[in-house]
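Pasting a structure here, questions to come.
To keep things simple, chains are lettered A, B, C and D as they appear, and every chain counts its residues starting from 1.
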Amino acid sequence: MTSIEIKEALKNQFGKSVMENDELPENQVEVKGEEWLDIATFMKNDPKLSFDQLECITGIDTGEEGPLQSHYNLHSMEHRHKIEIVINHDKNEPKVPSIEKLWRIGDWFERETYDMFGIEYIGHRDLRRILCPDDWEGWPLRKDYEPQESFHGIVVPKIKEEEGWE
Amino acid sequence: MSRYFSNIYDTVNTLWTGMQITFRHMINIRKDNVTLQYPEERWPRPERNIGFNHEDYNVIRSRLHVDIDDCIGCYRCERACPVDCIKIETIKSDRGEDLPKVKHTGVTSNGTKKGFVVSRFTIDMSECCYCNLCTYPCPEECIFMVGGPNSSKHPIDYEFSEVDRKDLIYQFAKKLTPNQKDSLTKVDEKVEA
Amino acid sequence: MGVVQGDQMVLNIGPQHPSTHGVLRLEVTTDGEIVSKITPHLGYLHRCFEKHAENVTYEQVIPFTDRCDYLASMNSNFGYVVAMEELMGIESCERVQYIRVIMAELNRIASHLLALGVYGLDIGAFTPFLYMLRDRERILDMFEYTCGARLLYNYMWIGGVSHDLPKDFEKICIEFLDYFEPQIDEYNNLLTYNKIFIERTADVGVIPADVAISYGVSGPNLRGSGVKWDVRKDEPYSIYDRFEFDVPTGTGEFGTLGDCFDRYWVRMLEVTESVKIIRQALKDIPQGDVFETMPKKIRPPVGSIYRRTESPRGDLGYYIVSDGKPSPTRVKMRSPAFTALSCLDEVSSGWMISDVLAILGSLDIVLGEIDR
Amino acid sequence: MTVDYLIEWFSGLINIPVITFLLAVTIAGIPLFVLMALNATIAVYVERKVSAFMMDRIGPMGQGPGLHAGKWGILQTIADAVKLLIKEDTIPASADKLLFKMAPFIIFIGAFLGIAALPFSSVIQVVDFNVGVFYIIAVGSVGVIGIVMAGWASNNKWSLYGAMRSAAQIISYEIPAGLSIIIPIMMSGTMNLQSLIEFQSGTVWGILPNWIIFNNPFSFLAFFIFFISAVAETNRTPFDIPEAESELVAGWMTEYSGFRWAVFFLSEYANMFVVSGLAAAGFLGGWQSPIPGLFNSPIWGLFWFTGKIIFLIFVMMWFRWTFPRLRVDQLMHVCWKVFIPIAMLNIFGVGIWKLIIG
């Protein structure tokens, strides 16, 4: 199926939860964050769609005014089609249902996105930081990220010394 | 039961094949040896003998070198560096004027007139990632990786380990005393005025 | 047979351990030799390449991609430039495309040789490892001959490559391939068909196809489970649709489909396929200027792209978002080793400690790419 | 040159039994120490070279001016030994200090006692037991106590794993080794190593030397079972699971360094020497010449016996640099399901053979 057909199929099933957004390219579909688990379950289990592989979860901070976004790249091994799902989050309280139980790789991808952007995945069974240390502060890939000054007594260098090493 | 014996047979057979291979390599070591005894036998560069003929060795990434007399202080290499290991500072001067006091030549070997005295040009080789990105934008081709096509400008050198980390920060600019710097800056202000 | 449950013991494999292929810590809960749970702890090599990428220009990202999958830098570069060219809507010239394919496939051979050799090392066979490194070294020599670097190339640039092929590269490459192909038989006789090796790997660490897909396992690991999926064939990028090659899949030759041996064997077969591709590419490569299609200024239009390519470890995806400025808003690397490692817990519980390291080795992870 | 001879000689000089005994034992022991040290030094060098040649490398080399390891790197092992001796002797804070310090020496004692009974030639043997075969097998298992001690005392999980694996392995492989060494005893009717070797003089079918390995097909098989079990007992690849580098870092010797580790190393090579010696004496005719009737003087005997040992040690190295490593359960499988049944059938077969053919 092409991405337009997939979009239609989703719209037929979920109606308003699949949003109209003309700014997005045609291979992307924006959905409401609250409904995401239902939509994902449908996308995985519907024989016509059968998205059995979660290719990637990308968090994007679109800048000061823009929202936080999650992009889910889904792919179907059976039908060999793919789609990209976009979810916008409120920057102050980014929350979205976890799809970790549907696609097992979602576990680590969500942990990574949580680690980098602080997007909270509701229902994730083991939501810890994955790449940064457990007690790291801040969300590194957000645009307004400020590195913490010291970490367990280790000074985190902000600007490199003018004279190089010393 | 036959599986039991065929397993034993397979084991003996395949292990014996493997032993033959290693034994063959052992007795043919003179022919097969691939080790070079490093400090005595060096990799002949640029014509490195790897079993192929290397007549024209056209590239090499060894270490950066700057012909400071050719540098016009355009900052392009500094901007191209992805890891910010190049640091340049310049002082404005009269275009094309020689300043023998600070050993500054006014014209590059390509004939370009310089508008700046380069008072600082350091490359921190311990940070350099050898990506070669800085050598392309240079309009005077004065920053380059030594050796290879540049071997006429600077001989190949790939053994540049240092005892002190500071020694890996290469200073290319002519040494300026604070007095000289001040006087140059004054010239600078004069030109501005 | 009843299961006797003894006291559980927690064993830390790593961060410094001969078989973790980098700095990875596995927190293993064991009962005697039997492993019941594995918690991987990542991040020892984390340097946030994605944050770096936001602060540099588009062409300056390429040296950083080198350092992610440092065993297959060419393929890392390739993935990035393919994504970038698609985002910018440019197409590099024919010669560049061929050079890229040759380089990527050579690097695939080099990477697989290391993976196979190190796998032998994990099982305990030292000698095949050095034979494979010896041949990998010759590939690195060719890379050095071409672009001056042996490991981190920064060779493929957006719209072109940094250096044209040297004059006699084709001759050297053919010479190498002729030398290399008989060596594969030697590896097989020495390691693959060795009964001890088969016993250690066959039936161990079976990843069924559905589990593999659900965990996003890709590349040789997925094909080892019998799924015929290869981005080069199924979503052809660059000029891969012009070449004839097979996609080897696991057959469960000595054990169950999807075991460690299958994953090992798929890699060994892929080496042969890569040799085929290189031969075809060397035959057809046209003349031309490699800098011809290189854009003067790299300023992609506002937009985003997700593009995946086949790196030796699997689907290497790049998500690039541009807002029209000289540096990217977001570069995300979907690393295949990251997904492969995630299934370790599920696959290896119930096996012995020795098997855990065999399974870990068969997944062929590179920590530089997992931690990024 | 047995200890008995020395005691007799000394008692002619001093007639105090304790002193003569101590003197004789010391004088007989010194060459053994020298032999062990020499064996380890040479074997390490040879192992490095063999492994290097098999891998298309050239191993340790010394070239050029300055401090270097001699021509062909001959001095490399000596340099290493010096390095090990001057290295800091670290003992983990939480280790059981007494056991930790004792363990290397217990392993050493096991290997040392074994060498004492080896018949180097018809006249050179330190102790000529009438139960020599049994003795060597018995003292050979002392080492496992040291290994378990080392593993336990280190207070390290890797060491513990290594020790446990080692105990299971060595004890299991004693059985096929023991069952196979019974065959020479059955055929010669003696446990004395000298008489066992003398039994192997002459020829079989007129061409081959009358070594036990060539005597009948069962003893031929028994030699291989014995030898492979011996490899397993010395913890070498493909049976090196107690110190499996890629799994257990360094197994039971993870926490050891410096001199204590050197003692482990010494004992490992001494153990190889002992089991190869037993295999040579039991199956390959000991100091008998391979060409029956020629070169049979005692000096030649020394040459033949050490030559056979060196060959067997080389084969062990050859194994090590060719094969992958077995897993614990597979190791046990090989021992209990392959070697032991075949070894038992061998005993049966040899018995029948002896009854019928003689």
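A few notes on this one:
Please note the rule applied: contacts are C-beta pairs under 8 Å (C-beta built on N, C-alpha and C of every residue); 3 or more make two chains touch, one makes a residue touch a chain.
A quick note: this is a predicted structure, and the numbers were derived from the prediction, not measured.
Fewest steps needed to get from chain B to chain D, stepping only to touching chains, is 1.
Averaging Cα atoms per chain gives one point for each, and the point farthest from that of chain B is the centre of D. Chain A and chain B have Cα centroids lying 41 Å from one another. One inter-chain figure worth recording: chain A and chain C are separated by 25 Å, centre to centre, where each centre is the mean of the chain's CA atoms. Separation between the centroids of chain C and chain D, computed from CA atoms only, is 44 Å. Chain A and chain D have CA centres that are 62 Å apart. Within chain B, the positions touching two or more other chains are listed as 15, 18, 21-22, 34.
Each of residues 54-57, 321-323 in chain D touches at least two other chains.
Every residue of chain D that touches chain B in the complex is listed here, in rising order: 50, 52-58, 61, 63-64, 318-319, 321-323, 338. Chain contact summary for the complex, chain C toward chain D: residues 9, 11, 17-19, 33, 120-127, 130-131, 134, 190-191, 194, 196-197, 199-200, 352-355, 357. Within the complex formed with chain C, the chain D residues making contact are 51, 54-57, 157, 161, 237-238, 240-241, 244-249, 321-330.
Per the touch definition, chain C reaches chain A in the complex via residues 42-43, 46, 48, 50-51, 54, 210-211, 213-216, 227, 229, 234, 303-304, 306, 308, 315, 317, 319, 321, 323, 329-330, 332, 334, 338-339, 342-343, 346, 371-372.
Note for the complex: chain C touches chain B at residues 52, 56, 59-64, 66-67, 127, 134, 137-138, 141, 144-149, 152, 154, 162-163, 166-168, 172, 175-176, 179, 186, 189-191, 193-196.
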